[in-house]
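Each of the two complexes below includes subunit A, the first together with subunit B, the second together with subunit C.
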Partner chain A sequence: MRYEVFRQDKPGAYHTHCGDVHAPDREMALLFAQIQHGRRMQTNSLWVVPKEEIGEVDTDEAAFGGTTDKAYRWATTYNVDASFAEEIEASEREQAAEERKRGSDD
Partner chain B sequence: MAATDDVADLAPDERAALEALLFRMADDEFVLAERYTEWQVRAPTLESDLALANIAQDELGHARLWYDALQGLGYSEPELVWERNPADFRHSILVELPFTGGDWADPIVRSYLYDEAEHLRLQALEDAPVRALADPIGKVQREEEYHREHAQSWLERLCDDAEGREAVEAAVGRLFGPALTLFVPGEHEATVERMGLRSESLADQREQWLDVVVPFLGSLGVEVPFGPEEDVDDLLPERVGRDGNHTDDWPALHEELTRTYRELGRSDARRLRGERRE
Partner chain C sequence: MDLATVESRAEPRAFSPKHDLPEEYRTGATRMLQFHANSEIMGAYLEKPFIRQSPSLDRKLAFSAKVQDEIGHGQLLYRAAEALGVKTREQMLDELANGEGKFLNCFHYEMTDWWETPMIAFFVDGAAMKRQATLKNSSWEPYAHAMDKICFEEGFHIKHGEDVLRELATGSKREQKLLQEAFEEWWPRILQFFGPTDDQSTHHDFMAKVGLKTASNDELRQAFLNSYVPKAEKYGLEIPDEPRIHYDEDAGGYVLEEDDLDWEEFFAITKNDYEPGLNQIDTRAAAQEAVEWVRTSLDASDSPAAAAAGGD
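Coming up: the complex of A and B.
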């Protein structure tokens, strides 16, 4: 049985998908995942999830973000001095990078 | 004996006893790791292959710790491993026996019997009055926990059906006697006891080990190869390893694991390990 493995490198961080592991059950999957995905990279925690338990929707089935122009909902539309908050600045930078990506797709 | 972090304070017989204790542990870990690596690319799945290879790496790391402690007592690495007479090794014969070809139950049972004993041995050294012994214990125990969980998890799953249970029982039948040699005292045992290096004697450790492994195997439907009225000592093999008297499989394995060292010559071996030439 195939388990997908998600690694968190430090407390509070997101668990990020890092690969898979084959195991007969969850307990063995946790044992194997420690070796395969937690040994070389800094690891605080691992999740193992049976592959068939993961729901998926992809671009064949969904139009992510809609199909019409909704640029008004992008944070970069508004001219705000966000220098008072680091996380808002970071979020704006992310958004701007996403916009550039969308632009090149068209 | 008062706690010491300076082995120079030890009387000659005490120093010999400390060395003997370190050699038993280092040799057990080193030779077991060497045997485990024979499963590389041969284990039932990629995952089980990696897990056992990782356990082998852990055991090599532990061997390195105890050999380092011996280097602190004046031995060099070639004297400890590469150029040591095979008859001077003090590991239990459990770790030198070849695996039964392709039988996955063998390394799992061996690991189970060994790691439960290893756990007790380390526990008994936690408060040893010599820092070279006591200090590394915590680190080693944390890795050993994985080994025990790994072996127990596999045993539970192998014993899920009759075929697997039979393979486990056959391996237990073969390996139980050799595993008892883990607890056989060496030449300096009396001094080890007098110095209070262990909080539990080897005989007590063996009792505790039997109290753990016999019921666990029983809970899986696996019978141990002796009855309740029988003396477990009857299973003890003629050669135990602890006195340097090994099975014929050991010189062959030693020859194999030192071959590259001999072929390369000492200076090349140093270069490959990134050490400076002397």
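Coming up: the complex of A and C.
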């Protein structure tokens, strides 16, 4: 059976997908995951999940964030200065980075 | 884990649902998260009418997106609260409807006019962001993770709020006058956002020791004033004579005469005893009841939705 593996590098960080293992049961899957995915990269915790338990929806089926122009919901759209508060500046920076990843169509 | 262990390990994002945490931590965190989640929901209801009332299509769209975000913030935070195992989301939503659930002072007041909207969308969201940015370091990991997403989204709220503020402040004489009036009405409430001075605040010590709070009310109010007073002045808003504030070099910024604020009203509000505010609670309760059938049909095992999802 196939198990997907999610690694967390330090306490409080997000578990992110890092690969999979084949194993006859959960216990063996946990062991294989340790050896294959927790041995070299810094690891605090692993989540090991049977593949068939994971639901998926992708861009073939869904228009994530819609299909119309949603410029109005991005911080970068508004021409006011965010540098007066570092937390607002940080949020704007994160949004700008995300926008670049998505392309400019949303 | 006992309380002493919790205190010694109370680093940012240190505790997650896999840890066995003491009752005091779990109830303290639940109280804080429930308050925060309730506030997101009540704030959304305050702004919801402006999806219709905003003066242009762009503003309507922006308010529609913002209200959706705020409801989403509420849901995220109820999940982070639920994970503590003290209360379920249903319980918390019911408590909000029946008047037991507590939430931010500012959302107990009515907001009826367009020129009031920057008071919430810029100043109150801005105050909330001061606090939320520090909560990225909460010791309850699900809280900190919720803050990552919420703080990401808030940049849009506040910049949009400032954009509305700028538009009104540079608009007609009438708009400027109405804006100033709205500011005078809301300013004392906004100053009370962070609550009373720390030595009057009951829960602070415990919450700080276990890492659920990483900044005090006073520090946050100070930081807020330092960022937002200059903004208000930039747009030509006149800071009311009372409550008095003055710039103090030694204190590192603006200092507020706290006694000038109406704390009797504030404490009535914190107990949900402030008569004019009850309408806010009841309006949301009515909305919750009106869509009860949606929840029931989703939950019912024989509903088409449940069947399609393979529910049992």
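What we mean here is this: the second predicted complex is superposed on the first by the 86 of 106 C-alpha atoms of A that agree within 3 Å, B and C clash if a C-alpha of one lies under 4 Å from a C-alpha of the other, contacts with A are read in each partner's own complex, and residues count from 1 in each chain.
Note that in this section a contact is a pair of C-beta atoms (placed from the backbone, for glycine too) under 8 Å apart; a residue touches a chain by one contact, two chains touch by 3 or more.
Predicted, not measured: the structure shown is a model, and the values here were computed from it.
Participant: Which partner chains sit in contact with A:P24 here, subunit B, subunit C, both or neither? Use first/second/both/neither.
Facilitator: In the superposed model, A:P24 contacts subunit B only, not subunit C.
Participant: Where does A:V57 make contact in the superposed view: on subunit B (first), on subunit C (second), on both, or on neither?
Facilitator: In the superposition, A:V57 touches no partner, neither subunit B nor subunit C.
Participant: May I ask you to decide whether A:M41 touches subunit B, subunit C, both, or neither, giving the answer as first, second, both or neither?
Facilitator: Once the two structures are laid over each other on A, A:M41 reaches no partner at all.
Participant: Which partner, once the models are overlaid, touches more of subunit A's residues, subunit C or subunit B?
Facilitator: Comparing touch counts on subunit A for subunit B and subunit C gives C.
Participant: Where on subunit A do subunit B and subunit C both make contact?
Facilitator: Residues common to the subunit A contacts of subunit C and of subunit B do not exist here, since the sets are disjoint.
Participant: Name, in rising order, each residue of subunit A that touches subunit B in their complex.
Facilitator: My answer: residues 21-25, 27-28, 31-32, 34-36, 39.
Participant: How about subunit C: which of its residues touch subunit A in the complex?
Facilitator: On the subunit C side, the touching residues are 11-14, 16, 58, 61-62, 65-66, 69, 126, 129-130, 132-133, 141, 144-145, 151-156, 158-160, 162-163, 166, 227-228, 230-231.
Participant: Using the touch definition up top, name the residues of subunit B that touch subunit A in the complex.
Facilitator: Within the complex, subunit B contacts subunit A at residues 45-48, 50-51, 54, 146, 149-150, 153, 157.
Participant: Mind listing the subunit A positions that touch subunit C in their complex?
Facilitator: Residue positions touching the partner: 11-14, 70, 72-75, 77-80, 82, 84-88, 90-92, 94-95, 98.
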